[in-house]
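The next part holds the structures, each set out as structure tokens.
The same chain A turns up in both complexes below, where it pairs with chain B and then with chain C.
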Partner chain A sequence: MAERLRSSRTAALVAVLLLRRMALLVVLLVMTFLAVEILPADAARATLGFEASPAELAARRRQLGLDQPVAVRFLHWMRGLATGDLGVSARGRQVWDIVGQPFQNTLVLGALALVLTVLAALALGSLAVLRPGKLLDRGVRSLSTMILTLPEFVVANGLIVVFALGLHLLPSVTVTSSSGKPASPAMLVLPILALAMRQIGWNTRIVRSALAEQLPAPHVDSAIMDGLPRHRILIHYMLPGALPTIAAGVATSVGMVLGGVVAVETIFNFPGIGAVLVEAIRNRDAPLVAAVVALTGLVITVVLMASDLVRAWAVGRKP
Partner chain B sequence: MTMSRRHLLHAGATAGAALFLSACGNGGGSTSGATAVGTPRPGGTLTIGALGRASAITRDPHGVQVNESDYLILSLLYDTLTIPGSSSIVAPRLATRWEPSADLRRWRFELAEGARFHDGTPLTSDDVVWSMRRLRESSIGVSRLPGIDVQGITSDGPRVVIVESNYPNSAIPVLMRLTTFVIKNGTTDPAGSPGTGPFRLEWFSNGNARLVRNDNWYGGRALLDAIEVRLFESPQAMANAALSGEIGLASNVGTVAARVAEGRDGVKIVRRKNDTALMVVMRAADGPYADPRVREAFRLAVDRQTMVRQVLSGYGSVGNDILGTADPAYARDLPQRRQDVARAGALLDEARFDRSVSHQILTTEDVPGLAESATLFAQQMQSVGVKIQVVKQESSTFLGQSRGKAPLYTTYWGTNDSVIFCAGKLLLSDSQFNEAAWHDPAFDNAYRSALSTADPERSIQLMRDLQKIEYDGSGYLLWGMAEGMDIAKNTVQGLPQLPGYGRVQLEHTWLSA
Partner chain C sequence: MKRVLRLLPALAVILLAVVGPLFAAHSSTEPVTAPYALPGPGTPLGGDQVGRDVLSRLLIGGRDLMIASALIAVIVTGLAAILGAVAALRPRLGAVIEQTADLLILLPVALGIMVIGVAWPGSGRIPVIVAAIVLGTPFAFRVAAAAAAPVAASGFVEVASARGERTLSLVIREILPNLRATLLTLLGLRFIEAVYVVATASFLEVGAQPPTADWALMIRENADGTLLNPWAVLAPSLAIAVLTVSVSLAFDVLTPQARNRMVTRL
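Take a look at the complex of A and B:
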């Protein structure tokens, strides 16, 4: 009985959390439309160019619905969104046709960068915390701080100079195959590294300090006293307690990875969503910008939710 | 890059076959471009990088193509009536000869024998008329075919197309070089529909494409087996791809990226002269630059050599304030303007130009060097005591708010092989791209006279007059011509060397061993 009550309360909590995040997303979309609206120049001029005559511009404005108030356009777009229709771009193409494949490409790139981040951060953070104050610990700590200060474009260009132009080991750019995906897996390596590097720096520091906080805990202390192997202490006694902090750190990285994607995709010519966003803003293409915001917002929402759940779970089972 | 950012006017390109030369009634010669190594041989696949944006992809041959990658693909698939030539402005393509009526209003274009669509259907004048009418009715049709109404495009039998202009126009064949891409009569979905061009489409994906040779092309067989086009968002990424060998040709990569490739093993730089005109626009209708003496003073205050050296890394030549520098009729006899600070100062004094306040120059980063040119210009103007503040705007803001409106700004122009074309587009009083709002009835008269004159000798004199007026008074300070820069693998031969969109005709390009 009590068990069922607890699970229904959890479900209600999740629903409220979900609703709140969805509401936030809608607010974000409203702001997106408004932001595009207040930018100087409009989609008709931006897409027809300097060549267009006033009559041609007026016709295009009517066609794009730009003669209507922004609120009307937003509601119209939202109504479509509810049925999964992302609308039509300022250049007259279905928005899903523009964002679909690039979004998948970016998701693959981002997910792999994140997996690498988590694995590397856990490994480095654990190695460091097991030898507090030793050379390895100090090395990891200063290296992660240094990497953290390097912007993605610096890392990306450095990787290209060394691995592509210098050693000729990896391709410097991504070229697209007939399927719309990168032509070979090797083309993903440098973009993933460029995206993950900074996040590894950031998360290594979080993992190390979250684990270090667990060291004085009585159950860890007694496990050490009992002479258990280091890796067992780490995995079974320290990691569960550190997990909420680590999950929050990784969740933050999702947003930062998606932010870094714009620069990294441009440098590596990666066919992803970042490039679409840049041009959409340039074109004052509100439906396209909003679609990118909605999709990335959805991903971040899901990840934040997952991170909240991991934290709730970890706190619940804390000894 | 800014590209697609590039709103350059499109022009076709070079490389005409002997077949054309012999059949050519009006136009003139064309060449196969670059210095070839050995004997051209067929075969191989060339991967070409071209600039573009995924969200700006346009597959409609009659749409607004801002992506160079899209334009390249379309030019390989579809033919225009005419293309630019190297020894004359216009060379034949789908139209093999043309002749005007005595009053230069009615033009008769004869179509190439044996032209067929990629699916085998023979091309007829109906297809051409339908395509040109479709272009005329497109969102920017009035700009693409000025002075031509839909009803003015008709056929006269299966092999002849008639184009009627609302006024005498000797430059109609020049207009036909633009985007008169021919698709099949009644095509409902133009994306990927069969064309008559030297290559046919194998696949297209998000701005990237693979095209294979059209063995039945009426202009003779192209040398390459296939061309793969790869879309690049940034010139830097494209240059890296060329340097690391992932593409064989980085098309129109820009002066900055080309500089990086200079002297690297395995690649060469192709320099195409007179590619992009870089100008400062001084609004002539009103405001501080309405006095012609002020505009003259500004033209004399700049040090053009230094501008070319610093802004274009030396990949360019100085301008002389006349547009259309690659035109055979370009007035080379007009004295080259050079920096003359004393004379410029005197003119500013005479015109009582206010040198106590700071003036603004608006700029953007649409093409490499544009924003830098504004900064250097502002520095140089200090030599005559004029304070200029550089205001850099984002590309669309600049396009919507400043271009054609601001008193002083930077601009650029991508079709530079025709004085008369530039005059009609940019300098005529009632042209909608009259960027400098310059109104000179004498110029307008000279323009109309030049357009309505069929006699070649009289035409040369009229063109000279027109350029003199432009040189003396227009709102432009054309300080330099940037070269078009491509990076190519050493094995890529026979590349086109014409400026602007002259780079897209690749049927004579081949790969050496």
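Take a look at the complex of A and C:
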């Protein structure tokens, strides 16, 4: 009885947590819409050029719906978002047609960078925690601190000089095929590495300290006393307890990766959402900028919710 | 002595960036050699995309980055310290700022900088600095608030509060002095983060504008000529790397921490 009561209370708490994340996403959308709203030049002017006559400008404003009050336009936009309609860009194209394929490309790039980050961070963090205070541990810690301070565009240039210009191993420029995707998988390698490097540094530190916190726990103690093999202790006795912290770290990395893609995609000429954003801002294309921020915020919200669930699950498991 | 040695790289880089402009042999805006010329007499690092001296631009291009980053780091840490201490005394305010932090997580810094940087009338570094402060403070606040909470709950703060001291006086006289170590670490982290934000913004052409000499902008402008004169890109890349790495090492040394608390057990 008490058990069921506790689990239903946990479920209610999780629901509140998730609803709060959704509410925050809506607030972000309102703020983005308003920020883009106060852009100095408006979309009608940006798309017509400075020679346009006042009559042409007024017509274009009416066509884009810019003559309606902000609140009306925002509600209209939000209603569209809920049904997957991102609206029409300042140049009159469907926003989804412009954003769709690049968004998928960026998601592939970001997801692969994240997979690499998780694998590398788990491996390095575990190696370090198995030999606390030894050379390997100190080396991993210093190296991860150093890497995590480097901006992506600096890492990217280093990679290009070494692997593309020096060794001629990998392409430094992404060529887009007619389908809108990168023409070959090899073109993804350097962008993934450039994106992942900083996150590997950040997450290795988190994994190491989260695992180290588990060392004094009683069940780890008895496992050591029983003489279980190290890798067994690490995976079955320490990792489960460290998981919530690690999940929160990786969730934070998703936001940093989606921020990092703007610079990385610019360097490698990668056909992703960062490139769309740069172009949209140059054109003062409000609906496009808002769509990019909305999609990014949505992805981060989903990931944070997943990390909330992992934490709730881990807390629920505790005796 | 060993500690001083580990502080030296950071001090050297900062000093070089600040007094560097005095040693620039050439103008940072006028061409003195051929575009992407290889290193030669008078131009030890060669020329950039219009033939300006890379070494001179390197010596000049770090100062503004450094000043902007230091400004952001000091303001963000100061704001976070005061807000964190107030939040520890007045939990309701703390909850509001906590919500803001959860909100701003949804907006990656690079995206936020671009949106704010473009919405701002005019261009230059001011919008980048403002955006970095607005987007950075809530995260720094979390660290400061977490450190301030146990101090605010301690006996001497209660005594001072019972004595009738005002919130501001409690914050400044009782709480902040006890957060020194945390705030020093925070200052170092915020400086590195600020360098990241300001440099990335310049790289994305929000912030420093051509023909200003700026390390990040140099990397962007000379990317096409990496094969012709690698130094035009490598030198500013290395400069940024050396700056962030050396500063992070320096703050690592400065902050007293429980090192190797863990006993070898496995």
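In this text, the second predicted complex is superposed on the first by the 296 of 319 C-alpha atoms of A that agree within 3 Å, B and C clash if a C-alpha of one lies under 4 Å from a C-alpha of the other, contacts with A are read in each partner's own complex, and residues count from 1 in each chain.
Convention: contacts are C-beta pairs under 8 Å (C-beta built on N, C-alpha and C of every residue); 3 or more make two chains touch, one makes a residue touch a chain.
The shown structure was predicted, so the numbers you read here are calculated from the model rather than taken from an experiment.
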Task: Look at A:Pro102 in the shared chain and tell me whether it touches chain B only, chain C only, both, or neither; answer first, second, both or neither.
output: first
Query: Touching A:Ala121, do we find chain B (first), chain C (second), both, or neither?
result: neither
Message: For A:Ser53, using the defined touch cut-off, is the partner it touches chain B, chain C, both, or neither? Pick first, second, both or neither.
response: first
- prompt: Is A:Val175 touching the first partner chain B, the second partner chain C, both, or neither of them?
  reply: first
Message: According to the stated criteria, A:Ala314 is in contact with first (chain B), second (chain C), both, or neither; which is it?
response: neither
Task: Examine A:Met256 and indicate which partner it touches, taking first as chain B and second as chain C; both and neither are also allowed.
output: second
- request: Examine A:Gly133 and indicate which partner it touches, taking first as chain B and second as chain C; both and neither are also allowed.
  value: second
Task: Give one of first, second, both or neither to describe whether A:Leu288 is in contact with chain B, with chain C, with both, or with none.
output: first
Task: Once the structures are superposed on A, label A:Val276 by its partner contacts, choosing first (chain B), second (chain C), both or neither.
output: first
- line: chain B and chain C footprints on chain A meet at residues 39-40, 160, 165, 266-267, 278, 284
- prompt: Given the complex with chain B, which residues does chain A contribute to the contact?
  reply: 39-42, 45-56, 59-60, 89, 91, 93, 98, 101-102, 160, 164-165, 168, 171-173, 175-180, 265-269, 271, 275-276, 278-280, 282-285, 288
Contacting residues of chain C [partner chain A, same complex]: 99, 102-103, 105-111, 114-116, 118-119, 121, 192, 195-196, 199-200, 203-204, 216, 219-220, 223, 226-227, 230, 233-234, 237, 240-241, 244-245, 247-249, 252, 260, 262-266
- request: Please name which positions on chain B make contact with chain A in the complex.
  value: 4-5, 7, 9, 47, 53-58, 64, 66, 139-140, 142-144, 203, 205-208, 210, 230-234, 236-238, 240-241, 243-244, 246-247, 394-397, 399-401, 403-404, 432-433
Task: Would you pull the chain A residues touching chain C in the complex into a rising list?
output: 20-21, 24-25, 27-28, 32, 35-36, 38-40, 129-134, 145-146, 149-154, 157-158, 160-161, 165, 212, 215, 224, 230, 233-234, 252, 255-256, 258-260, 262-263, 266-267, 277-278, 281, 284, 289, 292-293, 296-297, 300-301, 304
